[in-house]
Amino acid sequence: MALKTGDEYIQSLKELDLKAHVMGQAAGGLTSHALVEPSMRAVAQTYDCAHDPQSKDLFRVISPLCNEEVNRFTHLHQSAQDLVNKVRMQRHCGNLTGCCFQRCVGMDAANAVYSSTFDIDAATGSAYHQRFKEYWAWVQKNDLVVDGAMTDPKGDRGKRPKDQTDPDMYLRIKERRQDGVIISGAKLHQTGMLNSHEILIMPTISLRPGEEPWAVCCAVPTTAPGVRYIYGRQTSDTRKLESCRLDVGNPKFGGQEVLTVFEDVLVPWERVFMAGETAFSGTLVERFASYHRQSYGGCKVGVGDLLIGAAALAAQMNGVAAASHIREKLVEMIHLNETLYSCGLACSAMGQPTASGNYLVDMLLANVCKLNVTRFPYELARLATDIGGGLLGTMPAAADLEDPVAGPYIRKYLKAADGVAVEDRFKVLRFIENLVAGAGSVAYLIESMHGAGPPTAQRIMIGRQGDLEGKMQKVKSLLDLA
Amino acid sequence: MALKTGDEYIQSLKELDLKAHVMGQAAGGLTSHALVEPSMRAVAQTYDCAHDPQSKDLFRVISPLCNEEVNRFTHLHQSAQDLVNKVRMQRHCGNLTGCCFQRCVGMDAANAVYSSTFDIDAATGSAYHQRFKEYWAWVQKNDLVVDGAMTDPKGDRGKRPKDQTDPDMYLRIKERRQDGVIISGAKLHQTGMLNSHEILIMPTISLRPGEEPWAVCCAVPTTAPGVRYIYGRQTSDTRKLESCRLDVGNPKFGGQEVLTVFEDVLVPWERVFMAGETAFSGTLVERFASYHRQSYGGCKVGVGDLLIGAAALAAQMNGVAAASHIREKLVEMIHLNETLYSCGLACSAMGQPTASGNYLVDMLLANVCKLNVTRFPYELARLATDIGGGLLGTMPAAADLEDPVAGPYIRKYLKAADGVAVEDRFKVLRFIENLVAGAGSVAYLIESMHGAGPPTAQRIMIGRQGDLEGKMQKVKSLLDLA
Amino acid sequence: MALKTGDEYIQSLKELDLKAHVMGQAAGGLTSHALVEPSMRAVAQTYDCAHDPQSKDLFRVISPLCNEEVNRFTHLHQSAQDLVNKVRMQRHCGNLTGCCFQRCVGMDAANAVYSSTFDIDAATGSAYHQRFKEYWAWVQKNDLVVDGAMTDPKGDRGKRPKDQTDPDMYLRIKERRQDGVIISGAKLHQTGMLNSHEILIMPTISLRPGEEPWAVCCAVPTTAPGVRYIYGRQTSDTRKLESCRLDVGNPKFGGQEVLTVFEDVLVPWERVFMAGETAFSGTLVERFASYHRQSYGGCKVGVGDLLIGAAALAAQMNGVAAASHIREKLVEMIHLNETLYSCGLACSAMGQPTASGNYLVDMLLANVCKLNVTRFPYELARLATDIGGGLLGTMPAAADLEDPVAGPYIRKYLKAADGVAVEDRFKVLRFIENLVAGAGSVAYLIESMHGAGPPTAQRIMIGRQGDLEGKMQKVKSLLDLA
Amino acid sequence: MALKTGDEYIQSLKELDLKAHVMGQAAGGLTSHALVEPSMRAVAQTYDCAHDPQSKDLFRVISPLCNEEVNRFTHLHQSAQDLVNKVRMQRHCGNLTGCCFQRCVGMDAANAVYSSTFDIDAATGSAYHQRFKEYWAWVQKNDLVVDGAMTDPKGDRGKRPKDQTDPDMYLRIKERRQDGVIISGAKLHQTGMLNSHEILIMPTISLRPGEEPWAVCCAVPTTAPGVRYIYGRQTSDTRKLESCRLDVGNPKFGGQEVLTVFEDVLVPWERVFMAGETAFSGTLVERFASYHRQSYGGCKVGVGDLLIGAAALAAQMNGVAAASHIREKLVEMIHLNETLYSCGLACSAMGQPTASGNYLVDMLLANVCKLNVTRFPYELARLATDIGGGLLGTMPAAADLEDPVAGPYIRKYLKAADGVAVEDRFKVLRFIENLVAGAGSVAYLIESMHGAGPPTAQRIMIGRQGDLEGKMQKVKSLLDLA
């Protein structure tokens, strides 16, 4: 089957005809809903790039699973170079969209489930791996968007799943039946859900014996009966509903998030990839998290490039591009952004094959990568705010530019360097605002903090993987300690 | 005359009946305009505090200028302790409002103009100082809000005022007449303008001989003919227009900014405090800037207290208040916030009398204070985002809480620790969102960067005031260098 | 009695004729011992400054305790201004010596003991306060150096004093006798001990009922039988023993530390100020620590000034003083150093009287001050290393400058800007080396970290004093939370 | 020829019998000179590792240049994997020695000269490349240490080489003769020089037409007539001369630096690889710098591992290893150290072949790597100082441990957790002191700042390589700007 174009992808979503609850209203027609459409268009870019002559070589790859050329976003990584290329691809998408393009989470989930099911089978004699291979080959052939769904509501953080007042605080198998399992629960913070064909569900923590119902990994279509979506509102989101697009900042692309509820959803056995194997939930979580922490070393870097470019343009429009302090700040922004990229690349280049054959990132370095992502975009945003200037907080609405009374005053007084159109200056400043304090900041800042787990989760992993014992041993050798 | 209450202040504003251009529309009735009213209420707090038994001693002070008890926001500082009390008062207002309460700029302008006019008179034999004293005594007696207006549009930053294509890029005296001066130009980033009775205009840079028209300091009422206001839109501002208040984050208070145009406005001579004395414009700018940089060591600290408190509440609601990493982050937030406060206090305690008799902050330390304000609130916001959690970017609209379909799901799945009302959790998280990525972030982050001048302005002053020569001399003494 | 001069002080020390164990040898004649003398000279500065016309007003103050003019280093602070002046005095001494001048710890101890003994007496009816007043009046009249001794060895940090294998791990009262108490134990990290006349001993932790023997505060002369001193060696210390002084870096002043052992030392009752009142040990520790944390906002700032001056000189000698990146780094150094000073001033200006009448710093802000001192000097050192250049690690010994073979090559190739003597360049670079990596770094970096307690101690105090509960309450008020 | 062992290498150095001027004395027998020997032993490790079964696979590689197995330290990188392996090898050496092992600079120089001579020949028809290949094949076969010598004294930084008062401020060709060139000048900061067989000289800046004499790249043996060495003294270096080794901190290995003078040294034509081709000096400098900036992402990480291990041991010995704040600091240290490693790996993995066939690192990322190295080791040192405790500045000399008087007191009072030998605690703390403030800090901190160029050099390269123009273009595309 041929790789889809962006338009074909959008058409396929239209056919799904998902409904969601959006800010107090049941809403359909999401593919043209002003709050959802920009995020859908960002996903569409991942399809179009596989056709763009400039990028198609990076986005297309032969998959041994289906023996066809697939979009790399559905690929199971076959080498460290594949892992490197994943990060390069993500940076490219960030460069094009300036937002989250959402398709990484399914790719990361698939790679984690692929190797984890292999390990479960090897240990228990189950047949999950083959099942997953068939499922994923189908995904590849149909070039689908899969939302990887991990984060449970968690209720009282001090309690285990089975000790919660409400057992649904962690998504669980409520019933095992002949035809499949009935699952119940919810997944939070689902970025690309409304733009997806499929949902790949994973547990969110390492589980223990006695917690079998929560050890569930499975896939359902986004259209499955019992699945409900509640839109999460974000800062400045309603600018997308206004007639004038300029104030949105990012005129074409954007994000959205949903709370997804699974109310007694039936999952047929051929879509169940873990059902009670608590011993392997930790492995699956760690692998998915590591892949996804690697991803941030690509996508956020791509967005960072745009923030740097916009800051440079703002400086140019202000006529201060040559000032040494501006130059120093831009260099610092590049330095921090490339440090993130270096971390994304390093955990990729040091990737190793799993027992199942696909490649896993270096888990220590992937966590190091993400921990830096919880820091540097904030400093980039701070520096962009510095360069952008006070107008980031005080600029009139674009609508006023056309107003017969206010317009001329604005054009007179918010003119900057000669030859710069006021509209262009507004566009650049609104784009910076979008990323540092507007709708785009949800992806660029809040998601950089919490996506793929908060910094504390990375610190725990770094503590575990950092081989402190080995370092102490090296000192003992050097110092001839007892 | 008795000190006004908040309600009396609001009544006085109603009587002014200002008009502004707001997002494409000419708007009146601003005191009850949803986009403006929250900011007006923040100013009203500065009045009510002078009546609140808990704070009145701090907010009331006897002014030698009018020999009456005045609101400290109109006071000319008579001692270093007055300067310290100013900062304490500002922190208190920040604690109550969580936003910019706007009245500082007029206080800071008055103190700078007071001593600068004295110096001009002493050098040139002019009579500005007495004129200003009469004006300000009237302000004190009537307990008015005065907007200090400094920032000019500046056009091409590489050119002096007189070399700009349009001479209005810096506000100027266009004509000197028998009855006064005609001024023309604009002032950007005017935070409290729509809530003010008076405007105190100052030049924005140090001027040189030949630039006399731009060396202008004067006062006009906000109702003066020829003055026009264009509202500056801010991230997430339109949530204030929605019926459900919860999503606004800060339910009672807020900010707004306007671009103010002065189109051939007549200023009678008794309101002119500088008209061509270029040699003193630098002094006036530096003093105002120093006072205002001190102010940030009070107001932003007050807002920071709330952000810390909200983060602590969020952690408590998540049931993780006792986690060591949460505790460490809260301590770090307190540490940074109190460092800012220390800087605000230090430049006050080291304040010295000017030739005119009022007290001026230590200018080196005031600039150090503000430079820290361009950094630490960003780290506080980052840490609050960390503690607040991913829901800061994904939480459904409050409207959905009451929805019969979505509401129960939200209540089920976004419940946190037992005993915490979901509404309360929403309120706390929306308040954090307000400050780190919403409407409140304009004051807490963007204004912390650019208000009272961007960091480069502070660095230049620190370089100038830091006595590098003296430090080199000390080393030469210690090392017996030639 | 007249205030001593530096020479009179040195003479008084000579008469004490202390002995110490120094690097494997029992040593006397310490006042002219090359390893000790530079530190003694730094103390002598505190005496000379009280006679120097430029500084005597700052260093002299009338003490109500003895109704005489005393050196401020023995003063009990009578106002917030006294606290501010203390910090100013410390910065001045740092400016003159570039090292630790050691006399602060006794001043800080006295002020803490003064108010704590008052509180003990008020609660228990004891008579410690009067006893201490008499002791301290004698110290003031004789213008003595008193070493405040707090830090115990602590043995196993996981155990309380009474659970240690060796009860001497915390200094204790071993026996109560008619004529006094016998104490046993040791105090670590005693900076000015060998240059002191008296030792004022305090407990190091908050004690509990049952730990009475360790709740001891008392004074002994440094010559008391049973007191022994073991010199602590420091990085690069032996350069002081070399014939060529240039390589020492700081040619006149320096530091040293000793481990002090108290082996069954008799303390007569008139020198005992706490003996078993466990309930007050915490208060005493906290007050001393707070005063001493304030001190660092003065002394280290004074040393920082010299480091900044030296970096500026190095840049000048390299002919790069005008480079924008050099300028930016120097401004950053000034900014950080003045932030420390601001913290030192702020906790002073906010000082309040204790029940006993002397003034105590704001304890929250004093801890904030010290926590910044554990960070910023490191960044100052890093920036000075950057500006100083690679020669900081590769410059030949000064001895080689005079060598007939090597000298001419060095003079040829290590010449910098025209007109700069190579010796002067060497002096400046060795001085920077001294502070960033040499003997002076012990005081400037290691002591900045651990003196007056390590950062964790400050964090605990900030957590306790930061009023988190009040901040949460303010948010609840603003948001109308239940 | 077989790869040398460490002992064989040392023997070969003995045969060279170099002389140097050391702290005021002409010195021979350097291979057993206490100030030089530890650094020689560090180089010897690079030989022994090629024989150690645990590391030999990493250290040995087949060189296509000589068709033999060579030590990787003499290898011309044939792939990105070779570049990655270089960094892994460097980390390993850092792990073993805790200091600079000096052999990288020759490897980095050779790789830069290899591709640059190819480019010169291609452009000018010269035959330098073949000449260099023959030279380097000889180096490989004889398994030699080559010191890459770049940094010139530079005199007045504001002047070009030809405008200096003394033309030798930049090493130059003084005379071209039949048998070769006569060079004159000096190279500063030569770390491994005294432990090298050969010197590979390169220019230090990009040169312009008219500056041909300074465009010189050539090789001479360290024994060449006219070459003189002047030892650079370093903080705490003389502890190596003391009888008790414990206080040295790093008991086996260390560093040293020399100023190398070239006084009319004859270089035969077969060792001349550039002589006047100014157009290529910039390329050579940039390539060498980039390789060497990559190197720091390996070697300093290896030393960092030891510092982390030592801090962890110190905490363990203090009985506080389980404290959450200790744990957090160790995690932070690991995080920063692995970020450096990630940067070293990333610029390697993204390496590309040069026209000559060997592989060059990604130059942008290599500069990013080094710029981080100018920051993070300082923070690692600060954290290690925090964990290590105040004894880092106050611990008695090890000699005192055996003293009959002082020893027992030290053993009593500096005992930490049960079961820890006091000597072992001393060893660990002295090792930390060595790296944060002692002799080792020259390599770990000062060299991290200035080695391979100071941070400003990296910033300039990042500004040049960061494709700011491309980033602006991407924003223009997204925002549809004119």
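Note that the chains are named A, B, C and D in the order they appear, and that numbering of residues resets to 1 at the start of each chain.
The criterion applied here is as follows: contacts are C-beta pairs under 8 Å (C-beta built on N, C-alpha and C of every residue); 3 or more make two chains touch, one makes a residue touch a chain.
Just so we're clear, the structure is a prediction, and the values are computed from it rather than from any experiment.
Colleague: Name whichever of A-D, A-B or C-D reuses the B-C interface, so over half of the contact pairs are the same residue numbers.
Modeller: It is A-D that repeats the B-C interface.
Colleague: What is the chain whose Cα centroid lies farthest from the Cα centroid of chain D?
Modeller: Farthest from chain D by mean C-alpha position: B.
Colleague: How big is the gap, in whole Å, between where the Cα atoms of chain A centre and where those of chain B centre?
Modeller: 38
Colleague: Calculate how many whole Å lie between the centre of chain B and the centre of chain D, each centre taken as the average of the chain's C-alpha atoms.
Modeller: From the centre of chain B to the centre of chain D is 52 Å.
Colleague: Can you give the whole-Å distance between the Cα centres of chain A and chain D?
Modeller: 40
Colleague: Which residues belonging to chain A are in contact with no fewer than two other chains?
Modeller: 325, 328, 459
Colleague: Using the touch definition up top, name the residues of chain D that touch chain B in the complex.
Modeller: Where chain D meets chain B, its residues are 324-325, 328.
Colleague: Could you please specify the touching residues of chain B with respect to chain A in the complex?
Modeller: Going through chain B, the ones touching chain A are 21, 23-24, 26, 151, 153, 155-158, 165-166, 168-169, 186, 188-189, 228, 230-236, 238-239, 247, 257-259, 261, 318-320, 325, 374-375, 378-379, 381-382, 385-386, 389-397, 399-400, 403, 405-406, 409-410, 412-418, 433, 436-438, 441-443, 445-447, 449-451, 454-456, 459.
Colleague: Show me the residue ranges of chain B that touch chain C in the complex, using the header's touch definition.
Modeller: 84, 95-98, 250-253, 305-306, 308-310, 312-313, 316, 327-328, 330-331, 334-335, 338-339, 341-343, 345-350, 364-365, 368-369, 371-372, 421, 424, 427-428, 431, 459, 462-463, 466, 468, 470-476, 478-482
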